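Each chain carries a letter (A, B and C) given by its place in the written order, and its residues are counted from 1.
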Amino acid sequence: MILPIGPIHPGLKEPLRLKLQTQGEKVIKAEIDYGYVHRGIEKIMEGKTWQKCIYLAERICGICSYEHTQTFAETIELISGAQAPSRAQHLRVITNELDRIQSHLLANSTFYKTMDHETLFMQVLDLREYAMDAIELLTGNRVNMGWNVVGGVRMDAEQKHLDAILGKIAHIENNLDNHVALFEEGPILALRTKGVGVMTREEAIKGHAVGPIGRASGLKHDYRQDHHTYKDYFDFNPIWRKEGDNFARTMNRYDEIRQSIDLIKDAINNIPQGNIRVPVEVKSGYGEWRGEAPRGEVTYMIETNGNLIKRISIRTPSIMNIDSCARYMLKDVATVADAVTTYASADPCIACAERVAITDINTGKSVTKDFFEVNNSNLSNFEVE
Amino acid sequence: MASFIHYLYDFATKRWLDGFFNAKSKEDIAEKPDRFRDFPTVEKENCIACGSCTASCPSPNAIKLIRDSDSEDAHGLVYPEINKAACIRCGFCSEVCPSEPKTLFCGENHFIHEDFNIIPSKRKYIVDDYLCIKCHKCQDNCEVGAINLVDNRMVVNQSKCISCGKCLDVCPVKGAMKGVYIANLEEQKEIIDLTVKTLEEYIESRYDDFKEIHDDKLFLAELKFNPLYEKSLEIINDEELVSDVLDKAINRLNIRLVIWDYDKCTNCQLCVGECPTGAIKVDDTSSVIRDPNKCLRCSICYQTCPFDVVSYYSAKFNIDIKDGEKVIHITVKESQLAKRRA
Amino acid sequence: MIIYYNHKLKSRDKVIKMLKTLKDIVRKSSIHVCIVNCGGCNGCDVELVACLSPRYDLEQYGIYVHNNPREADVILVTGAVTEQWRENLRRIYAKAPEPKVVVAVGNCPQSGDVFAQEGGRVLAPVSDFIPVDAAIPGCPPRPSEILEAVLAVAPGAIAAKGRAQDKCE
């Protein structure tokens, strides 16, 4: 029997339809319908200056909004042959890691919520508020920060701000271990998480899984190790696990939070003095740049014409993660309740994933397709927007 | 048992009962940090009505410039109004606001530096030194003091300029102050190419009408503007840019026409060697052929030919409005250059 | 049953009045909420989730985020309406039982925010599709702002709508 879940469902915060083919309680196959939040951001960006587009890039996704602006700004900097000053690069690292902490804590708390473990859900969500406070303190807003610009960042951080951030980070660090221990050593939690929703390394490669989801399945890849700021100023090694189940994914996120805390401390202690912004004259050209968002690798491909953007293409990590979740993780899950938890453990972000809408020319209706079909199909009958 | 009693006792404490019956969030949750960017506040009196906040705002419905009704002794104030339902609290309007002191305030304003006062604009304003008469009208009318006399030349300071276009309106010399579209250069070139080609083809098609006009007499013609305008819009869909480029191109254009009358040609081949670009060639049947794509319109063949094969005209254009429709006035005149007579 | 037990008309009126007051109190103090994201950036949704955290604690006011339109009293709409939600939004609104209140959270449902430009595929505002009772501006609003607005509007509006509905019956 086919069991539809969503688009509005207690377990899912974002609109998406899961179609589970079940036999009794057992899930045999899963299918995903997208297309509920496609807004056409790339089309809006065409013919506008970066000053306007950077706020649009921020609104691609509300949870990892920061990394989108940084990658956008760095792509334009690459085209113009400029680079942000080292103080701005350090401030960018601090914000990026704070954003990662709050995103991972939110992902884990949502995972507990779908597992109906209210205590951990509340405690982890409370911990996240400290990361949000630090972000608001530094950038002026909680979610859509408006903090990055081409050539640097908008506001300088004074020593009192940095000290306050260190205080918030210390609180997270002191309390995190309790929650991790509660999750790691709980026998009932282990029954719901260990060995559930397994994705092997081969499947992760086939499904193009990225970010913590790919890393939990043994793909040792983190774009931060190739990024110039991390290469020049920090000692960075990707964190990975090989089990590939719900437990590994959640634990991998916790480990990354610890690593992010270390990186923030490192950045604040060694922050150089100097400018936070350089003027950049945008040139015509084409540039391609990547960044590591909390959910994986974001790619921006931009072509500029003078100081206007001619064409832009964005590849977000969620689309690969959600698809590999539907193909490999949800296959042969024991119960429907576990299917929802497995879906939540893949940390889906639908607003990110809706990058392309395919319209059938003959009928004029929009056709929703998954990543694999788009990649492998002949698109001559369809109009891609 | 003891623990059970203790458990019950916990419910009986005043603290628990207070918390149960008067559940309230702590007040600090509503506290906003110093650097929090709230909705912008507007100081009406400082506004200079330049419109840079509306030009820079990334959200299309967030800022509107409104004007109070006039009172008996003064004009109504013009000032921006923030629509909270569309404002995204980015603070960009406050960053670009050029008035002194600022009209718009948003969050902590210490991040606003002079060097980064970049307003997203498609136009760049520059002064043409050859045409400028240094009347200082633009300097007097500039609201932000971006135009100044430097080394006896009027210069626009680009980091201060807010692209309001007031200097263009007050400049008494046509063309001395220029608002140049800095982006889409390739498309602008294409539009100019298209204009020249269309006009040249049209004049050549009417060659029979002005064949007999000599000396100082003028041939007048008219061409509709709209077909050209629509064709240009296909190249780039920006009405403001297209009409500006077409206006400037057509009003300044001076096309020189070289028209060959092959019936008169005696194939003397005098012109072949004279042509600087090799546009004139002798083909297989030893007759002379001109390639219009290579031709420079330099008039050397006109001056060389003894048999009146080549005729040389100059055409000028002007955009005018006739019956509510834009038309291009064309004036064609025969060249007065010296010519070898047979 | 209590109503028929009292034979005297005066006391019956009294009981009905008391029952209605009780109904009001219950309606005000137990509100089920459904979040409908009809094409936003997810920012407002995470701020709504943050409202559940112990610091803001939405549930102490008797508000429970259930995410099920069939038992919702308050529908929180976020996001500019995209193509796919054109019909579905009306269907979800029809599924919620009376009395119901719609609150638009953030700028997208009110004006379309940055997406209401040439090239965008949004059909904002939401009020073209379903009646909206209250709106919270901000992109996204802070959790404290959401809390303030929902508490100021939702209980009173639900009670008023409930009374109006009772009168009709």
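Here is the rule we use: a residue touches a chain if its C-beta (ideal position, glycine included) is under 8 Å from a C-beta of that chain, and two chains touch if they have at least 3 such contacts.
All of these numbers come straight from a predicted model, not from anything done at the bench.
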Most distant chain from chain B by Cα centroid: C
Chain occupying the middle, per Cα centroid: A
Inter-chain centre distance, chain A versus chain B - centres from mean C-alpha coordinates, in Å: 40
Centre-of-Cα separation between chain C and chain B, whole angstrom: 48
Chain centre separation in whole Å, for chain C relative to chain A (CA means): 30
Contacts with two or more other chains, residues of chain B listed in rising order: 58-59, 88-89
Multi-chain contact sites of chain A, meaning residues that touch two or more partners: 55-56, 144
Junction residues of chain C - those touching two or more other chains: 55, 113-114, 117, 139, 142
Interfacial residue positions of chain B with respect to chain C in the complex: 23-26, 29-30, 32, 39, 58-61, 83-89
Residues of chain C defined as touching chain A within the complex: 34-47, 49-50, 52-55, 66-69, 79-80, 82-85, 88, 92, 113-115, 117-122, 139-140, 142
Chain B partner contacts - residues on chain A that touch it in the complex: 47-52, 55-56, 133, 136-141, 144, 146, 149, 154-156, 161, 277, 279, 305-308
Touching residues (chain side chain A, partner chain C) in the complex: 7-15, 35-41, 43-46, 55-56, 59-63, 65, 106, 110, 122-123, 125-126, 128-129, 132, 142-144, 349-351, 357, 366, 385
Chain B-touching residues of chain C, taken from the complex the two chains share: 55-57, 60-61, 107, 110-114, 116-117, 135, 137-139, 142-144, 147-148
